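Next up, some structures in C-alpha cells.
Common to both upcoming complexes is subunit A, partnered first by subunit B, then by subunit C.
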Partner chain A sequence: MVGLSEGEKHFIRGGIAQGIRTDGRRRLQFRALSVETGVIPQANGSARVRLGATEIIASVKAELGKPNILHPDKGKVSIFVDCSPTAEPTFEGRGSEELSTELSVALQRCLLGGKSGAGAAIDLSSLIIVEGKVCWDLYIDGLVVSSDGNLLDALAAAIKVALSNTGIPKVNVSLSAASDEEPEVDVSNEEFLQFDTSSVPVIVTLTKVGQHYIVDATSEEESQMSSAVSVSVNRNGQVCGLTKRGGAGLDPSVIFDMISVAKHVSQQFIAHLDSKISAAEAAAE
Partner chain B sequence: MRDLHLSLNQTQRVRLEAALHELQSLAPAAASAAAVTVADTIPVNQEDNILKGHGTSDQDGEVVATLCGVVERVNKLVYVRTLRARYKPEVGDIIVGRIIEIAPKRWRLEINFSQDAVLMLSSMNLPDGIQRRRTAVDELNMRSIFEENDVICAEVRGFQHDGSLHLQARSEKYGKLERGQLLTVPPYLVKRRKQHFHNLAQYDVDLILGCNGFIWVGQHVVVGEKTKTTEDQQKSSADAENFTPLETRKHICRLANAVRVLSALGFTLTVELIIETAEASVTSNVEVNNMLGAEFYVQTAEREAKRRADLLRKKNGGR
Partner chain C sequence: MEFVDALTGFRVDGRRPNEMRKLKGEVGVVARADGSALFEMGNTRVIAAVYGPREVQNKGQQVNSKEALVRCEYRMAEFSTGDRRRKPKGDRRSTEISLVIRQTMEASILTELMPRSQIDIFVQVLQADGGTRSACINAATLALADAGIPMRDIVTSCSAGYLCSTPLLDLNYVEDSAGGPDVTVGILAKMDKVTLLQMDAKLPMDTFENVMGLAIEGCKAIATHIREVLLENTKRLECQRG
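Presenting the complex of A and B:
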C-alpha cells in the first residue's frame, strides 16, 4: 500500500479538484494503453494489456467438457483472477486472495450474466458441440503482473482482447448410431473458429475523490477515494453491470450522473481498444 | 529501454530507432568498451597483480564480469558498477526520503538504499531554530516535526561503525516537503553536482534532485516560512480549498512529466535538460496530458541526439 504524506495527499486532492492530475491528465482521461496479443503460445487466446504501470496478462483455454444437465444447450465459462506477488509484496502467500476473489466475482457478474447464462457477453450456445453431450469449457485466467490502480478496468480490457485473439478448434462429430452413446469427436488442428467479441463489455471505474470523480485512478489516487463505481458498458451503450466499492454513500443523482459519464467514456474506450487490438493483430502477423 | 512500452506507429518506430542508434554511435568508444554483461571478459594487465572487486570473478586465469554494468578501475582495484542497482550513498549526498518509522530519538527513512537510513533528533535543527540540548519533551514531540510517510530532504552524514547510515538536516533548506509530488527514477540517472536544490523562479517551482533517485517537484516554499506553511495547512484543511494555484500546478506537472519521459528514455537528469524538455513541450504545443504519449518520447529522443551531436561537433571544432 502506498504511504503518502499529508502534503502529497493534499496535492493529489487539489489536482483532481482543479482538473489536472499529478501526471497532467484531465479527470476523464485514461493512461496510455498498450496491447499485445498471443503472448502465451499454449493458450487458445492470450493478451497482455498495460494501462500506465498496471500490467495484466489474460489467457483463454478451451477444453472439451460436458454441459450442465440443467442447461444442455450451453457451454461453460469460468473466470479466475490471480494477483502476482511481483505486483505488490502484500500479495505474497494468501495476501491477494480477498482481492482476487473480489475481482473475479465482479468480472463474472459483468461478463457471464445470470446463472442460466442469460445475458452473457459470450454467446454460450456457440460453445455447444453436441447438445447435452459435449461442449467447450472456457477457462479465462487473468494475472495481475504489476499493479498501479484501476485493476478491474484493465482486467476487463485484457479479457476482451484475449477473447478476440481466441481461436476455438473446429470439431467434427462422427454421428454414432445410438443416441445415448458418447459421440466421437475429432478436434481439428488446423481450422479455428473466431469468437464474436463485439458484445463483450468494457468496465469503466469512476473513482470519487472529494467533490469530483475520475477515471483510471492510479493507486495513489485510489488511496484518496471515498467510493468508486464500476460500470460495465457494451458497444451499444447498454449498462451490463454495476458495482460500488468504498464505504462512503453516494447520492442517487450522482450515480445516474456517473452512469451517463461512464457510458460516454466507455464508447471512446471501446473504439480506442478496438484500434489497439487490430494494430496488435497486424503486428503479430 | 526496459521501461519503454510505447505503442508507436511505423514512422515513429523508425524515427525512435534512428535517434537511439545515433545516440549509441555518439557515445565515446571508451564508454561502450567499459560496459559489460555477465560472462564478459574484462581486459586487465596480468603483470600488475590487480585486485578483483565487486561483480568480478576469476575464470581460467581471466577476469570475468558476474554482473551487468560499467567497469570501474581505482588503482589496482577492478570492479563492476551496476546501473540498475540500489542507491549507494556517499557522505555529503543530498537525498530525498520518506519517513517509515519513528524510533526513540530518531526517524527511520526509506531512501532506496539496501537498509533504512537514520535521522537522529540531535542531528537536525529544531523548528524554533535555537541551538540547545534536546530534552525529553522534544523527544515526545518528534511527531510534530515529522510524521510517518512524510517526505523530507536531508544530507548523508556518514556511516556509523555498525554500518547504519546516518543523515543530518542542519540547515533551513532541509526538512519536510509539501505541496508537490515525489518521483522515483533509477539512481544512476542523477549525477552528483554542486547544486541539487533548484528554485525555478520563472515557474514558482522547487525541484530537488535527490542523489538516491527520488525527485521532488513541488510548489516553491520560501526558506524560513516552512513552519508557517504547516500551520497554514492545518488551518486550510478545515476549509480545504487552499490548493496550489492552477498555473503553478501546470508547471509542476509539466516538469514532472519531463522527468518521467527522460528517465524512461534513460537520459541523465540535469536541471537544464529537464527545463529544456519542459520548454520544448510548450513550444511544440504539447499539452501536459499528452507529454507521456509516444510522439513526445520520439521528439525528446531526437532532440537529445541532436544536442549531443552538436556538443560533439563543437568539441571537435574547438580542438
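Presenting the complex of A and C:
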C-alpha cells in the first residue's frame, strides 16, 4: 500500500514524462544492484540480491527423486516464492498468498519453459541420474525480505545468481544386475558439478506510466502504472517468456516496441549481473 | 551419543559447556521498515522488522484503546531447515512462538504512551539451528530499538539445557533434539526481571536452579552485546548528522 497525495502522484508522472524520475534516474536505468552468493550454507546454492530497497534471498536445494513417467529422461525443477511480512505488513498471515502465487507462476513461465521441459533455462536432461529411475529434483525458493517494487526482475536475477552458485553433488551409481531393481546411488560429499547457467534468462519489466514506460519501477512508481509487460530474455537475445499485468489495454504496436526495448536493456543488464556474479564469487573465496 | 566429551569437556561443536555461540547483531537491514534488525547466534539467523506505531488497521483487534496494540508474526523460510518440507502457514508451532514473542515484547514496550495505535513485529527465520525462539526475541528487541519505540528495558533471551550431567548454555539443533530439558529464559536485563520462562522435559529442582542461572547469565551477555550494537549504531547516526 502506497499512500500518495495528488501532488506527489503528479510529480511522479510529470517526472517520467520528462525523462527524469524522482530518484534522479532516467527512464531505462536500473537502481544500484548488489549481489552476494552462498548466504544459506545448508542449500546447494544461494544468493542475496538487492535492487535499491528491494531485497531477495534465493536458494536452490537438490533432492533425489523419481522422474515423471511422461519424461523419463528429464529431472524436475520447481520454483516457489514467499513474500515475508518483514517486507510489507499486508503480507502477514495469508495476505501474501496471491502475490506469491502470481510471482511463482510468472517465474515458472519464464524459466521452466513448456510442459515437456523444452525451452527451459536449465538443461533438464543434465539432472537425470538413471533414466526413468532416479533424478535430481531442484527446489528453487525465493524469499522477498524487503520490497520496493520490481519484485519479478529482482527474483529472476536472484535465481540466476543462485543457480550459478549451485553445486550438485556428484553421484556414483552401482548398476545392479536386474534392471528393474532400484539402483543404489552413492552421493559424493566432496565433488560437485556446476550448472551451465549461461542460458538462464533475466526478466525486464517495462512499466507504463502515462505515455512512457520505465524499467525497475519503485513501489511508488508502480502505484501509478497503467500496465506492465515483463519480458524474459536470455543471453542470445531470445525472448523466453512474456507476462502482461495491469488493467489497461495495450496497442499491439506498443507491445512490439516494448519487447525490442526490453531486449536491448536486458543485454546490458545481463552483462552487469555477470560482472557482479564474478565479483561476488571472487569475494566469497 | 556423547554431547560432552568426557575427557576434554568440550561439546559437539567444540564449545565449552558455559560458552555461547558467536553473536552478531545488525540494525537497519530492511530499508522500508520503521525498524529492523538481523540477529545471528551461530548458524541461527533471523530478521525482525517493526512497523509502527501506526493507526490500528483492524479496529476489532483493539482491546484497550488506552494502550498500543502489539502484534507479532513468526515465519520460517522454506530453506531455513536442513530438509526442505513445505509447512502450511500458521501451523501450531509458529502460532505459539508468535504468541510467546508478543507477550515477551509487550512486557517491555511502554504501550500506555501510544494509545489507539498498533505496533507490528515480524520475525523471519532464515536459518534454524536451535534457539530460534531466543534469537527472534533478541532480533525483535534490536528492531524495536531501531524503530525508536519506547521500552522499559532491553529484553534478551537465551536457552540452556542439561545433557550428560552438565548444564549447557545456548543449545544448538543437535543438542536441542537430544531430548534433554531445554530451558528458555527471557529477562529484562537491567531491571533483572524474568519475562519468559519455558522448559520441556523434567529436571530436579536444584539442577533447574543451576540451568536457569546459566541461561540468565547468557541473557545478560546478550544484553551487553545488544547495547554495544545499539551504541555503535547511534554513533554512526551521529556521525552522519555531522
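Please note the rule applied: the second predicted complex is superposed on the first by the 285 of 285 C-alpha atoms of A that agree within 3 Å, B and C clash if a C-alpha of one lies under 4 Å from a C-alpha of the other, contacts with A are read in each partner's own complex, and residues count from 1 in each chain.
Following the convention adopted for this analysis, a residue touches a chain if its C-beta (ideal position, glycine included) is under 8 Å from a C-beta of that chain, and two chains touch if they have at least 3 such contacts.
Fair warning: this is a prediction, and the values are worked out from it, not measured in the lab.
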Clash or fit, subunit B versus subunit C on superposed subunit A: clash
Partner chain(s) touched by A:E63 [first = subunit B, second = subunit C, both, neither]: second
Contacts of A:E6 with subunit B and subunit C, given as first, second, both or neither: first
Which superposed partner A:S174 touches (first subunit B, second subunit C, both, neither): neither
Which superposed partner A:S253 touches (first subunit B, second subunit C, both, neither): neither
Partner chain in contact with A:N189 - subunit B first, subunit C second, else both or neither: neither
Which superposed partner A:A32 touches (first subunit B, second subunit C, both, neither): first
First (subunit B), second (subunit C), both or neither touched by A:I40: second
Subunit B region in steric overlap with subunit C, selected from 19-27, 37-45, 271-279 or 289-297: 37-45
Residue ranges of subunit B in contact with subunit A within the complex: 5-7, 98, 100, 147-151, 176-182, 218, 233, 237, 240, 243-244, 246, 249-250, 253-254, 256-257, 260, 287-289, 291-294
Contacting residues of subunit C [partner subunit A, same complex]: 29-33, 36, 43, 47-49, 51, 57, 73, 75, 77-79, 81-82, 84, 86, 89-90, 120, 122-124, 126-127
List of subunit A residues in touch with subunit C within their complex: 40-43, 46, 52-53, 55, 57, 59, 61, 63, 80, 82, 84-89, 92-94, 97, 139, 141, 143, 145-148
Partner subunit B, residues of subunit A touching it in the complex: 3-8, 10-11, 13-15, 17-18, 20-26, 29, 31-35, 50, 276, 279
